[in-house]
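Below you'll find the structure I mean.
Going by the order they are written in, the chains are A, B, C, D, E and F; count residues from 1 in each one.
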Amino acid sequence: MRRLMLITMILMLMLGVSSVNLWAEDVPGSNPPLVEQSETAPPPLPAEEDPAPDPGGASTLKTDPGLAVDFVWVLVCAFLVFFMQAGFAMVEGGFCRAKNVSNLMMKNAMDMAIGSLGYFAVGFAIMFGADKMGLIGTDGWFLLGDAYDVSKYQLFIFQLVFCATAATIVSGAVAERLKFSSYLLYTVAVSAIIYPIYGHWVWGGGWLSSLPFGLGHLDFAGSGVVHLVGGAVGLAGAIVVGPRFGKFSENGKPNAIPGHSMSLAALGTFILWFGWFGFNPGSTLSAHELRIAVIAVNTNLAAAAGGVAAMGVMYLKSKKFDIGMTLNGILAGLVAITAPCAWVEAWAAVVIGLVAGVLVVLSVLFLENIGVDDPVGAVSVHGTNGIWGLISLGLFADGTYGNYTTEAPYVTGLFYGGGAGQLIAQVIGAAVCFLWAFVLGLIVFKVIDATYGLRVQPTEEIEGLDAHEHGTPAYPNFWILK
Amino acid sequence: MRRLMLITMILMLMLGVSSVNLWAEDVPGSNPPLVEQSETAPPPLPAEEDPAPDPGGASTLKTDPGLAVDFVWVLVCAFLVFFMQAGFAMVEGGFCRAKNVSNLMMKNAMDMAIGSLGYFAVGFAIMFGADKMGLIGTDGWFLLGDAYDVSKYQLFIFQLVFCATAATIVSGAVAERLKFSSYLLYTVAVSAIIYPIYGHWVWGGGWLSSLPFGLGHLDFAGSGVVHLVGGAVGLAGAIVVGPRFGKFSENGKPNAIPGHSMSLAALGTFILWFGWFGFNPGSTLSAHELRIAVIAVNTNLAAAAGGVAAMGVMYLKSKKFDIGMTLNGILAGLVAITAPCAWVEAWAAVVIGLVAGVLVVLSVLFLENIGVDDPVGAVSVHGTNGIWGLISLGLFADGTYGNYTTEAPYVTGLFYGGGAGQLIAQVIGAAVCFLWAFVLGLIVFKVIDATYGLRVQPTEEIEGLDAHEHGTPAYPNFWILK
Amino acid sequence: MRRLMLITMILMLMLGVSSVNLWAEDVPGSNPPLVEQSETAPPPLPAEEDPAPDPGGASTLKTDPGLAVDFVWVLVCAFLVFFMQAGFAMVEGGFCRAKNVSNLMMKNAMDMAIGSLGYFAVGFAIMFGADKMGLIGTDGWFLLGDAYDVSKYQLFIFQLVFCATAATIVSGAVAERLKFSSYLLYTVAVSAIIYPIYGHWVWGGGWLSSLPFGLGHLDFAGSGVVHLVGGAVGLAGAIVVGPRFGKFSENGKPNAIPGHSMSLAALGTFILWFGWFGFNPGSTLSAHELRIAVIAVNTNLAAAAGGVAAMGVMYLKSKKFDIGMTLNGILAGLVAITAPCAWVEAWAAVVIGLVAGVLVVLSVLFLENIGVDDPVGAVSVHGTNGIWGLISLGLFADGTYGNYTTEAPYVTGLFYGGGAGQLIAQVIGAAVCFLWAFVLGLIVFKVIDATYGLRVQPTEEIEGLDAHEHGTPAYPNFWILK
Amino acid sequence: MQKVTAVIRLEKFEEVRNALERKGYPGMMLTRIEGHGQQKGLTQQFRGRQYTIEMLPKFKLEIVVKDEDVKEIVQTIIEAARTGSTGDGKIFVSPVTEVYRIRTGETNEAAL
Amino acid sequence: MQKVTAVIRLEKFEEVRNALERKGYPGMMLTRIEGHGQQKGLTQQFRGRQYTIEMLPKFKLEIVVKDEDVKEIVQTIIEAARTGSTGDGKIFVSPVTEVYRIRTGETNEAAL
Amino acid sequence: MQKVTAVIRLEKFEEVRNALERKGYPGMMLTRIEGHGQQKGLTQQFRGRQYTIEMLPKFKLEIVVKDEDVKEIVQTIIEAARTGSTGDGKIFVSPVTEVYRIRTGETNEAAL
């Protein structure tokens, strides 16, 4: 298996390199998306002949007084995205058992903390530094030197919270049995390497953004870059660490392991929904793209449709209004709309959300049936629907909005007469994204497992990670059953 | 009783129609409030000769570059209002018993989801579409056609979260015994019909906004449109579905049924207070009205005063610092200030809040004494204080701010020498609002009850809705008492 | 002891007065910081020859249309800071026992409510009214008269939420044994007197801001004004009220009293971290200072570093990943970066956070060892690290940003060749701040204790404040152990 | 003396307690247990996966009384707790040899 | 052998446990119960409506001991658990005929 | 009749229940208790301060059976609940003199 993985990765990297060689010059309009801005908002990442870095901000403002509102917009959206960490913590905590809640809270707090430091040290430089062959960025380490600039810092904080989101998704998939120290190691790998490199390919001016189909691979706010990366690494983690004790009967039949708090799970879902209004609309990186209103509407409608669809499917199946699956459905709709949110109209967002709600149910049940234990449904929510989001963009993009700009060329999908080009770019991107993250994830978890040990001892798992790894039961005043 | 209701409604509709006939031409300055904007911010709802719809946003921005900050303001405020859904979920969950928490979480999630789709499909068109006789809007269904425009989408997302708020208020009043499927039906009725039609009358250019008293009926951010509508439908629901088992002793004496989590209830209250800063100040729909600062201050002071007053009254009565009532008092202050927030100054906001805090205590105890079981106090918080908010506007408006504009004519209430005109408009509006929502609510709930069944089986109620309707107890790891 | 206190205070006041006499004329560039604005944003606090107060906002906007975005920025940040109240409630609730949770929720709700009214009535006038001898402000009572102005209201709402934060910090330090009514009294004292007077000295144009060292005492967003004040009063409170029953064994050995919910504590920490993005960046009071991006980055990195350091130290000590201490470490990093956030670069923020994380661990253990019982670590988080934050500014300020302006003179610390001047100003400020708040805190708590009684009865403490003071157990459906 | 142990439905507790109080037996210990008998479990589901709760929540009531009171107590409980469907519960009687009141040190029947 | 069952106040548990340990009786089962006796309930309120909690939280302690140890155990508990106000609780003694240690299969007094 | 009271590990409950069911003893009462015996407590910490949990969570299982079934029940439980480390728990047997089924009023062995 290891051999297979290595080969895949090498192939993938070669694909990347060759694509750069082949395409780099061919595609005149190939823009690193985030660098492109509407005319009213100058690029946050300055071009080659950089002006002097501006740590105070006065000279940047002088170039365009309209930047004040762009900064407000991007920062407020970044804050909302940050708050999603609380949402993930609550959803994961709520869907797991009381005896592991301190552990999950720590994981969610520390992937933000460690992820911040990792992305600060190297991740940001890899993702947005000066491009090398379409594969990797190479400057801005530790935000030193020329990176001490208000525009760079602004981009950093926004991208950082995205990186932390990718990292935190995994903690749900491997919950209730992963060693905490291994989790810290994994977090470094994701935030400093796996996420930034792939991110560079799509958002940092790398090769995927210059694919010679459609306008290159597009992913508005990160169905792929953030969610599929997180979901695929999570899948790798769930496979390598194996299922929880009791998840499968001797005969392989999956058992339900109910989560300890539906109120926290629902709260977390609301927080995520709320934060997603920063995630998607904020990804314009400019308030001067009034398209943000359309993005906000689409985000909300897809979430609503995802919840309704998941609830409906489950009701047909079991005559119960299944809260866990409904909450997953809402999140599935949000993940799916993340890539296409800027390029589709409201009815399409509803359709994308409905499909996402059905997909998440099928995916959750399928994964359990093949023996993968993902306690909170992270792989189905973020992985499966990350892929669906990327693809749906190639279908529903309606040709009213360009490549992070209101200017032509506009993005047009199959259903709107844009031909299959964009769809092909999306499928390629989705495949590369999944492979990259899944294979790297397998490597990271296998290496940790072989060298350090990935999983807690059986008694620790049975008595709860809280008592053993943290010494602090989450609810010491309550009479706990399991 | 049914006859009575029908007659009332017909009368009310006739009142509406005739008022349109009588007054429509008489009142030259009768503006649909939300359509009016300060000079720096062009109207989000364009006038008759619409420019071409602008889905990308570039041409809209060209008409006024200042729109970027308006969009940021309105969207961020809409996000905050969205987050109030989490607040409602926590308050309602916290004030009810553990055995029904999954149910309440589902209700709060699904009224947002279903409400979003209903408002998207028809509600928005009814509320803000081209006016027909002051009664109803008639275009923009499914946001199709000309509604695919950044300004329309911006208005939609802001109004949608208001609609969802109105819908969600009801779930508290009918908590712990309503069938979940009936709740879904009811949600469609509120978000697609009851709320949008009344909303059209006040905010969509309908007849109430052109009443020939004062500047017409005014309701800045919705003490009436949102809260009284929600509270009155909730009252209807609580009456039709009847009290919970055990709420009243055989002799009719009301019993306390303590809620399962004061930490969640308090968290919810804080979230609502937070979200209200989007609700009220955001209702300018323009950041160029610096009056938003005054609105924010008033919102906060009324909440504070409401909490202090409710706590004080209860302390005098029982020598206890009653947390449930204090939290209700805070919310009561917020509801009351919602209508007048833009037209009064800080000391008046304090007075309005103090009165609200007293009113909510009296109202809660009164409703229980006459046999209405409202588990979370939704009717008293949103209904009673919605009325008080509308009326207080007619008393305290101080003549410094106009009809959603900083331009004259200014709104002036009784205490500031404006005469009784505005007060009369407010009283009429409050009466119409209550009647409309209460009667329609009665009809909806009665119809559901007669055709489909409104209430769960007694054993389901006793063992909890979670186990029966959802199959998922909210806290399976804890030793639950009731 | 009382004598000592009085003398100290008198000395301090004399120091203040004399410093005014001595320095007021000497220091030409001594600006009341908040009054100073970047050129694009006119001062929110108008100078001597005030224009007419502008309650509607139209004429203010006319002076500078850019104010729309400044208002949006300041208001949204104020809302975020408000939300920190929920964070404090959750952290304090989570770190205390289930039997006192209703009490803690009430305290956190009511210090916001009472604090709002107190600050409205007198606090704001004392802090930002026309300066008298560098000691106290003297107009704007009840926001009446000339204070009815959009700029004043905007400043009020932002400052109010800061005041409430200072007040709420104390509730953690005196949790689980203070009488609720005494807490209300204390809240009035802090929000109407202790906080505003000190705040005037630093932010209202008072004597500390014109110290003849560096640019005078600086405290960007309130490591001192807000956090150290809160922490020092909390220390006074914890000392006067004494430790909880069972906190210390007969031999004086401190015992652990585990908090009842790590999920709420973690949620609260996330909320606080989120709110801090309003606290720090919002303190520019202007969106036209693009430096806000740097401030946001620094805020985040210090939090991350604080969490990592605290976790690391505790792991070395106990081989456990201690969740309570890690959460405290995150908050410690946030407190420490609050003063220097605008004047340092990213790597320095990391260092400041790391030190804060270590300090908080040492401080918590030290305070317990000397017999002070601070149930949630408020003194160590806000007090100890408030001091560290003030001092770190004098070390790490890098000379890229001025006194709430992008214009020179820039603030430069010891490590960047600015000499010891700024450091001296910081040390003086920190000492004055601690003394002022601690001594006034001692007086307030001692007076309440002597006249009214500060602490609940032993049986009330044992059976829980909820049952006795509020009559409402927080979790009546659960089988509670302690 | 005897200990009467009754397993009853949660929702029947108030009625049983009131009935006992009317008969003058206020002293009792109430424990929240999970019971299993002929009553069939509830099918539940979590995130789409079904499971059965075999153990259902019940209250266990323990009352220590004089030998001669056992009959009446048992009768009172049976009447108040019966619904007629499976899951109504059971009553067990077992001997108690000594009783002490901690507050006063009184013993046996005086301590009841 | 005998089972000594003691109902005590929550806050007295630590003291009782320490006293028992000092006397060398570490084995016990602790159950959280709600008790009712002469102690009067607490008046509480929720959203303005008052109610009385008649059942108050208590701990039930069960210790199985040799017949000859019953006296000492009872004495130890009474001393450690007494406050002198109503609600101090009661102690019941009842016979146990067999004891097994699951780990080793040892029986009766050897298993204690 | 006899009451068999078994203290077992939380995680062993499913196995014990299944074993009992296979032998045909479905009726039982399950209580969540905290136990103390030879098993040593867990060292925990809260905000940097360590403490020991001496009382560990256990399940108490109570089954009332006919006298002749006691042996088999005890054997079944011992087999299913044993891990071999301290903390496996104990089994106590004590007499029950009367049994009633609340639903039907049946008594004694008919009520089991």
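Note that in this section a contact is a pair of C-beta atoms (placed from the backbone, for glycine too) under 8 Å apart; a residue touches a chain by one contact, two chains touch by 3 or more.
As the structure is a computational prediction, the values presented were derived from the model and not from experiment.
Trainee: Could you name all chains that are in contact with chain E and with chain F at the same time?
Mentor: Of all the chains present, those in contact with both chain E and chain F are C, D.
Trainee: Any idea if chain A and chain B meet via the same residues, over half in common, or different ones?
Mentor: Answer different: the two copies use largely distinct residue numbers here.
Trainee: Between B-E and C-E, name the chain pair that shares the greater number of C-beta pairs in contact.
Mentor: If we tally the C-beta pairs in contact for B-E and C-E, the bigger total goes to B-E.
Trainee: Averaged over CA atoms, how far is the centre of chain D from the centre of chain F? Could you give it in whole Å?
Mentor: Chain centroid spacing, chain D to chain F, equals 18 Å.
Trainee: Using mean CA coordinates as chain centres, what's the chain A-chain F distance in Å?
Mentor: Those two chain centres are 47 Å apart.
Trainee: Using the average of all C-alpha atoms in each chain as its centre, how far is it in Å between chain B and chain F?
Mentor: Roughly 54 Å separates the two chain centres.
Trainee: Could you work out how far the Cα centre of chain A sits from that of chain C, in whole Å?
Mentor: 35
Trainee: Give me the residues of chain E that touch two or more other chains.
Mentor: 31-32, 44-46, 50, 94-95
Trainee: List, in ascending order, every residue of chain C touching at least 2 other chains.
Mentor: In chain C, residues 69, 72, 76, 258-259, 261, 267, 318, 320, 322, 324, 471-473, 475, 478-482 touch at least two other chains, as defined above.
Trainee: What's the complete list of touching chain pairs for this entry?
Mentor: Here the touching pairs of chains are A-B, A-C, A-D, A-F, B-C, B-D, B-E, C-E, C-F, D-E, D-F, E-F.
Trainee: What residues of chain F sit close enough to touch chain A in their complex?
Mentor: 10-11, 32, 42-46, 50, 57
Trainee: Give every residue of chain B touching chain A within the complex, in rising order.
Mentor: 54-58, 60-61, 65, 67-69, 71-72, 75-76, 78-79, 82-83, 85-86, 89-90, 93, 101-102, 105-106, 108-110, 112-117, 120, 142-144, 148, 150-151, 153-154, 156-157, 160, 180, 261, 264, 267, 466, 469-479
Trainee: Provide the residue numbers of chain E that touch chain B in the complex, in ascending order.
Mentor: Result: residues 44-51 of chain E touch chain B.
Trainee: Under the definition above, what is the set of chain B residues touching chain D in their complex?
Mentor: Of all residues in chain B, those touching chain D are 462-463, 467, 471-473, 479-482.
Trainee: Which residues of chain B touch chain E in their complex?
Mentor: Within the complex, chain B contacts chain E at residues 95, 254-259, 314, 317-318, 320, 322, 324-325, 328, 361, 364-365, 368, 377.
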